[in-house]
Amino acid sequence: MTSPILTLKDLSIDFPTPGGLVHAVKQLSLEIDPGRRVGFIGESGSGKTTTALAIMRMLAAPGKVASGEIRLGHDKTDVLALSEEDMRKARLGRVSYIPQGAMNSLNPIMRVENQMWDGIVAHEGKTDLAELQRRSDAALESVGLAAHVGRLYPHELSGGMKQRVCIALGVILTPELIIADEPTSALDVVTQKHVMQTLTRVQEDIGCGLILIGHDMGLMAQSVDELAVLKDGELVEHGDTRQIIENPQHPYTQDLISSVPLVGGPSFLSPAVSAPASQKEGPDPLLQFRDVSKRYGDVTALHPMSFALDGDVPQIISIVGQSGSGKSTMGSLMLGFNPPSSGEVLYEGKNLATLGAAQGLEFRKNVQAVFQDPYACFNPFYRVDHALKFPFKRFGLSQGDDHTQQAMEDACEAVGLDPNLILRRYPHQLSGGQRQRLIVARALMLSPKLLIADEPVSMVDASLRATILKNIYDLKDKHGISILYITHDLATAYHVSDYVIVLYQGRIAEAGPPKQVIGDPQHPYTQLLIDSIPWPDVNRPWGTVTGDADSQLKQLQDHPTMFRGVIDGFSLSTAA
Amino acid sequence: MGRIPPQYLINRLITLLLTVWIAATLIWIIPRLSPVDPAEIMLGRMAAGAGTVENADQILQSLRARFGLDDPLLVQYLKYIRNVVTFDFGLSTASFPTPVSHLIARALPWTLGLMIISVTITFFIGNALGALMVWERSPKLVRVAIPVAMIFTSIPPILSGLLLMYFLSAKMRLFPLTGSYGLTVEPGWTWSFAQSVMYHGFLPALSIVVVTFGFWALGMRGLMITVQGEDYTKLAEAKGLRPRYILYKYMIRNAILPQITAFALKIGLLVAGQILVERIFAYNGMGKLIYDAILDQDFPVIQGASYIIILMTALSVFLVDLIYPLIDPRIKHER
Amino acid sequence: MTDTTPTRAEHKLARKMKRFENPWMNPKLLWGAGILIGIIVLGLLGRIFWDPELVFTGSAPLKLPPIGFENLRKQAGIWDFPLGTDGAGRDLLALIIIGAPNSLFVGLLASCVGMGLGIFLGFSAGFIGGRTDDFIRVISDVMITIPPLLILVVFQAAYGDVSLTMMALLIAAFVWQSPTRLIRAQVLSMRESGYVQMARLSGASTMHIMFKEMLPNLVPYLFGSFIANVTTSIVTAVGLEVLGLGPQRIPTLGRTIYEAINSGALIQNLWWWWGIPTLLLAVMFIGLLLINLGLDEVSNPRLRKLS
């Protein structure tokens, strides 16, 4: 029987705030055995990062450990009793930390290898340069990076490479425990899979314990041995991953698992029985791209493509892609925020570039959007009702203040918000989920003909995602609004859309109805994407790393577009 | 360390040339718009010296010809630009016929010397103190005392100069009241002369330092607080690095970068402040030269000296801009 | 936590915590504003309760010391001229009553005009972009390098006497650069922000976006930049005055210092002559600095640390 590598006993952490003492972590007890991977899962504010920082003794002031014990290693070192200097030595040497924001975790003005060397020197004293070089090269190699990467500056690395550098840094002194705090939250799924597998392989190589902090049940299910579910600072469930995924006891755990949409799984939507009438007038398609392309300098963000969305029947068209695929460029072209480099964007047969003032206002009224970041969408200077009231009046929909007020309240209720609690508040007083629902309410109030939803749920807590998507789906289902749904998430696209376009580096990789494209992908890129999605299913093999993500992706660039079927009311083609 | 990207270099060079050209043009245009005629001022001075001047009109005319005031404006302007490029500002009207460039050449080393010393000291002290105010391990005294001292740093150097001069020179007689070296020492590369220069230069330098370090300290404080919250500083701590090492290599090294940009923007005001300090200390630099020229209405000297100071300022900004990409590797990727 | 009555330290902490709630109730800001208002009140009340005619040459005995001091000729200060008189027989109290508000006036006017220019140019550069942006950017880069004092020296040496307003307007020509740069940078980043895109979606006009959506959020920055410009303008004005330039017929603090130095007031130990205007200016600058520090804390909450 091995002794645990980390023992937390009745750990409580308090933060004094203007509103009084906040108990960030309450009576947490947990043991981690050597070589085990333990996932800390919970939503923001559940105390998972706070616990990790307490183990490193790096809690941000004024937070402090109120009671309890933290013991590290076989010798049961009392972490809380260590001197400053001993604690400093223990960091990286015995416990290493892989931070969340890999984008900014490296010193921008130091070469990567220097940032590995200073860690070694701080623990082992002056070391021979050749020896330092050998060890940093070896560490980089262990995470699948070439030795020359060490001589680059952080801004010359991609996000995935930076995160690997952080992993290499974390294992350079072969610690007893690695704490990885949402190491892949800023990466896209293909890179996420590669980085996660690098991390678990390196961890297995040195046989240390691993704490993986995260909020994604799918990622947890595919990477850790044990799960610790935290809610509001309390450990609500702890046990073997398989056992928790297959038989969750606590209702919160059940919520976390069911909030992950699955490709082919049960739908979280309940379509209305009778389809509503479309709001469209006239014979021209609602929105049309005619050989549209977009270049920024030398970079082609979007290769020429044409499509026509008739809008006779409300439909949801999903545009799926990872960062840099050109999907947000498409959104901004459709909204007329950006002119195309070639081709025309037409709204009801009229070119957006030549709309007059009155037509422009008409276009704005009828084509609305929901953006990714609900925090940025409200002007911090005004109460939130400004964002609803202003366009309503501007588009001439208002018949007086009472009418506006009534419309705002109705729209709020339609998305499940209490207007009395919400409308007169300032944006910072609302949660991200509340704000995003308000934006959906705004769209509903203006009743446009078309809604562009650009990653509407990617910045919202997982438990709220389904609700907001349902709100958006209702816009089509109950109010007859056609929707272009831009997302990186294949699973939700599978459920909500009538047609799916998979974009890769500005080109269409695969397009067709979701049952074909996502349910039975034929294009290697779509296959890769679907393989990379982590599912809350312990039995599903997540594959093993073969080669480098970047080179793997490069080969897919020239693969021809695959059209997988057509639907009425929407036609798509690439330039010949 | 980084290399200077060519596009960046070209942009900076264009800004430098534009600055110098615009300044030179302003200096030329402004007096031309004025109703005052420099030739008449000269004549007035001669009249004041000799009681009456015979054939005044003739002299006036020859003076106008001499200053080229009869040429068409464009010709005057082009000649002026040509002269400015060759540092030929004509002759001083007050100490006729000394070339203005000689007067400037005599005054400039004093100003440059004082400036380099005082600016370097303030920049270092200010940034060091600003960094220490934020660092968690600084002695408590530092974190409490500096903000109090900073209150005085909003005062322009001319006022601090007056106060220091009154207390340390006039009252306590620790330092000489005015001048840039003692009347009894002979200028030259001798120890006694050097001593005298340092002795005389101490107060002007001090009056600049005491009131300008706070600007840097305040700026540094803000930047350090930002850097303190950065992920890389947190990771540095998690790497178990020594606190001092983190302070130098991670915090100060990053926080100093915007300060260097600010330095380039601030040079103009620093120079102006120093000109005034030189004037009250009757220090033999450009400040005194300009002040005397104002008293004498010596136009060529005012123009020449102003132009040279602006040129020095623009050159220092250019130098700072050249150094910048060497210490920030990211600049290559910007336009 | 156990239930105990709060200690003094906890009270103090609670008070500090309260500061997070309303950033505008910032002690530095209040003190700074108090000092400046004090100077304005001094100017207003002074004109009522004191005789402003005393600023003219020869209206009083020469070189009298303030109350409670003696000058070199063993004359004691008298209540008729409580702050003493200068070498030309002008009453110093009257001088500062007239002079101090003049300095503030120059600073505020120059800064207002500069700020107006800055807002106009900054928004133009940020919104129109392209060549307009390049032009404004390069010109403000260039003009920020040129020390205003020198160009103004050339100007005033050529023109002789100027009025206070004229001097303020001349200084304004050199203080528009930093607000321009600041606004341009903010406008460029705000243009991409969610709420500006939302406003565009709402059919808002460019004017609405600039003044209703962006400007309110710029206020703390603009205010800070404004105060910094007031400081720069006063420094420049005082600098010109100390060089003997600037308005010749209106009493200003800088001109008083100029005359004091020229008459050898330092050697003759006539400290009140230059010292009182110097101190008053110093207090004014301290007030401005306090306001600026306070504003910094308002716009950057991270500066409001608990330590």
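Observations on the model:
To keep things simple, chains are lettered A, B and C as they appear, and every chain counts its residues starting from 1.
Basically, a contact is a pair of C-beta atoms (placed from the backbone, for glycine too) under 8 Å apart; a residue touches a chain by one contact, two chains touch by 3 or more.
Every value quoted in this text rests on a predicted model; they were computed, and no experiment measured them.
When every chain is reduced to the mean of its CA atoms, the largest separation from subunit B belongs to A.
Counting C-beta pairs in contact, the chain pair with the largest number is B-C. As a whole-number value, the distance joining the C-alpha centres of subunit A and subunit C reads 48 Å.
Centre-to-centre separation of subunit B and subunit C, using mean CA positions: 22 Å.
Annotation: 52 Å between the Cα-based centres of subunit A and subunit B. Residues of subunit A in contact with two or more other chains: none. Interface of subunit B with subunit C (complex): residues 14-15, 18-19, 22-23, 26-27, 30-31, 33-36, 143, 151-156, 158-159, 162-163, 165-166, 169-170, 177, 218, 221-222, 225-226, 229, 264-265, 267-269, 271-273, 275-276, 279-280, 290-291, 293-295, 297, 299, 302-303, 306, 309-310, 313-314, 317. By the touch rule above, subunit B contacts subunit A in their complex via residues 230-232, 234-242, 245, 249-250, 253-254, 257, 327-330, 333. Of all the residues in subunit C, the ones that touch subunit A in their complex are 1, 13, 17-18, 20-21, 193-195, 197-204, 213, 216-217, 306. Chain contact summary for the complex, subunit C toward subunit B: residues 138, 141-151, 153-155, 157-160, 178, 231-232, 235-236, 238-239, 242-245, 257, 261, 266-267, 269, 271, 274-275, 278, 281-282, 285-286, 288-290, 293, 296, 300, 302-303, 305, 307.
Against subunit C, in their complex, subunit A makes its touches with residues 14, 16-18, 21, 61-62, 66, 335, 337, 360-361, 364-365, 368-369, 371, 373-382, 387, 390-391, 394-395, 439.
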